């Protein structure tokens, strides 16, 4: 698992914008060029396309799923892949696996993506504040963040979820807590670098208030790299979130969720092995697509993390 | 690495071996060894009062230890009754039915050679009930005290007689005493007055001695050749007990010959095991898998038509097919062949039309279904296949017009809720709870669920069921010391309860076990406990 | 240098305390009754109360925390509620098995990762690079608990070549360096190894690419140095970071093994943690988390110090 990509490398280099005193360093033109570059990257494009399909499938699940994902049928238990009416087989309760995979995307994507989004907001706030204010405040905040680094992320997530008890909300909370420290660390490091760029000094010298400086100069330069870093965490988050469900600490039966499906169908691997493996394949495809998209975004935005 | 060449050679052997050469898992040995895979994740407590529920009693309770009163597990056909254990006989005082006198068995010794007598008995009671005694053990107390609700006082009359005074007259007291096992005081002294040390070096009076204990890995039992009941001296040289919580692991272990006997095989794997020549044993035992209804204000179950309709809506034969034939349809709390069953007028069967008619009678219909919420668990001891079974029932009931919404809890949350009752916030407003249970004795079968005094927090009357006639019959049975008479009262009670459709009766488990054909002489009693002493293993 | 080391060591004290506070509060945050592991959950309230008292769970939390830390300093993490055995013994036994698994995974993953990373970085942009990068991104994206299941399906269910679960024959809770045990190690170790393989490949590829782009490489080449000498330079420059990444990875393998251990019923810390969570065995739970966190912390410190030692250019506050 990409656990360690939670750990940012200490060296984060930002390419300083051309012209040290440029007032608004990253304009609309910059984002357009990022998009242009992304569109020339076939791997990222393909990954984005796959993700789009998965997301659309999840959103349109009730419309496109061939069967009710909760509908059990005792005579149709454990059908193999390719059975008539059960394209991807059926599970231990005779539910249609294809329909459950399509519906499962909703919860799996939700508990995989949302923690990173929340952590992105909270972690950025903490990190930017620490980086901008600097000094003792920075030290205090970052040392607190450091304490969470004493736990490998998987351990922290499982310990938190185990302590809070099973459930989707608790899994969300645990994962959010897991992802805040690394994002805060990246945000702090990037902000500290940007703060020392000449154009910030120039702005300060010209009498801009701290709010203006943060809004115009810091955010514009800082959010991009943090965002790229956060996108690289989504793949980890997907794996971890489904992992929690797999352990029985996330979604609860009979909800369709990929990790949970993997857990309940694990008992059937001697009877219906390949069907049991399908939910994991979904997690894998989603996770690798997020990783490739994030890689593409990173090179398109020329951020080195 | 003092001998690099030896390691190198070993390493080469390993490489060769993993390259696909065949392995023999078991070394040949003249000793006959019976290896059993249990479902617990650890070896149950070996100090006397086992944990891990009835499985603990089955394998590390009644093997190493004895109770004053034991279960007669020798028959597979009739319901198992009580038989004298460490007590040769007992009687209740006719003038004060709270007082019981037990005559202890003579010439019994613990595995360490020390004698069994009234002093040893009292010492063991102090271990459980006297917090100030040096031998008090909170873990053993926690495991057993809840199982003996009537225990009051106890004292020694003479060297081989002890006397109990129960808190109230209780004809079922001897049943409760089957849970109280006796450890050796002399051994506890010998290991330095330390229960943790005693656990790996225990001493009881049972047919087996514990020879080796590797926590979480294995317990090895050897016969006690001096066992007081000559008929129950074990026939195998060694029994190895292995904890294997995962059904797949147990199945694989049996098929690959790593064990000879597995508890609770996965139903889906049973055809595969049969085709591999394994023996599948099963026999109904005192176990019931019901929905226990809430009788609180606002619960639809307060309407007897709804209760009856639910009982008529469940296709128990279909459910049985789902479980691969590993259940018996329940038409009461106890099975119809049991002396407590009685002659109910209401026949629990599959009749969806009658169910719909009853619901219509109460004003429910297609546009106006009954809506109920049920607490269920994802797994749990004795819960069989809870999700599959519940979803099946959900479908059955929906067909007649009862919509069930499930609150799915883990077993560790559902079980404690049982005593807290339907009104407790942890019940989440549910109208029924789905907890299976064992009904070894009348208290466990009926009293704790249906006597009004057992409502939360006193017992397991989860739904606050309160019926003066139930209370009267149960009190009468509890104070009827003649067994035949008592059975009659219980049968009357049970019939009334079935007529009321007090619960949704669904299934009895049959306790499937899978064994290698080498295992011989096993008699699966209609009980939670089983006797492994007569089992032998063919070479 | 020495002051940096001692400062770093001194800094461990408050971190360790904070970590133990987190462990403790995490565990006591949980809603379940701490006695559920000992007392059957259907036990009457007075029995629960009795056992609570016997285990000291009736005391105020700060007192419990104080006592716990005080004993922990002396190497005593209390007794497991469920088994009555010392937590230290339970955790150390399990940690040994986890370390065996993690080491085996590292022995497979690190060399592969180094090889792949170096090749990919050296031939950046080539077909080989793309292939290896693809393998690496697969390694970091694959849910390893699923990979474990797939391997079991292929090698245990279909081919019947390797055991599906456990650390050894029977229900062995200990691993031994013997053929029968080694067979049990193969699948979980391979499963776990894809993580460090992927990460190492990605890190080293990036690093090698970066070093090759430096002016000094051009200069070396211009001087007419043979390519293998240039390569040696690259290796020399990449080594400290590679070492650090490997150290950290070893730590992350401890965490990553939790899910893999569950798939393979491997009797390590992951299984122990899982059992402790579901049995609400608080002393065992907090002890396991603490030991793992401290182990991880110590590993981080070692990596940090080693890196500073090897590469004095890195100066830290």
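General remarks:
Letters are used for the chains, namely A, B and C, taken in the order the chains are written, and counting of residues starts over at 1 for each.
Convention: a contact is a pair of C-beta atoms (placed from the backbone, for glycine too) under 8 Å apart; a residue touches a chain by one contact, two chains touch by 3 or more.
Not measured: the values here are computed from a predicted model.
Closest to the protein's overall CA centre, chain by chain, comes C. With A-B and B-C as the two chain pairs, more C-beta contacts join B-C.
Distance from the chain A centre to the chain C centre is 22 Å, each centre being the mean of its Cα atoms. Centre-to-centre separation between chain A and chain B, using Cα means, comes to 46 Å. The geometric centre of chain B is 39 Å away from that of chain C, both derived from CA atoms. Among the residues of chain B, those touching two or more other chains are numbered 248, 410, 413. Taken residue by residue, chain C touches two or more other chains at 32, 278, whereas all remaining positions touch fewer. The multi-chain contact residues of chain A, meaning those touching 2 or more other chains, are 165, 248, 266, 269-270.
Those residues of chain C whose C-beta lies close enough to touch chain A in the complex are 15, 18-19, 22-23, 26-27, 29-32, 137-138, 140-147, 149-150, 152-153, 157-158, 195, 198-199, 245, 248-249, 251-252, 254-256, 258-259, 262-263, 273-274, 277-278, 285, 289, 292-294, 296-297, 300. Residue ranges of chain B in contact with chain A, taken from their complex: 247-248, 251, 266, 268-269, 272, 318, 321-322, 378, 387-388, 391-392, 395, 406, 408, 410, 413.
Here chain A touches chain B in the complex through residues 70, 72, 74, 77-78, 92-93, 165-166, 248, 252-254, 264, 266-271, going by the rule given at the top. Of all residues in chain A, those touching chain C in their complex are 1-5, 7, 146-156, 158-160, 162-165, 235, 239, 242-243, 246-249, 259, 262, 266, 269-270, 273-274, 276-277, 279-281, 283-284, 287-288, 290-292, 295.
Every residue of chain C that touches chain B in the complex is listed here, in rising order: 32-33, 35-36, 38-45, 47-48, 50-51, 54-55, 79, 82-85, 90, 156, 161, 163-166, 169-174, 177-180, 182-183, 186, 265, 267, 275, 278-280.
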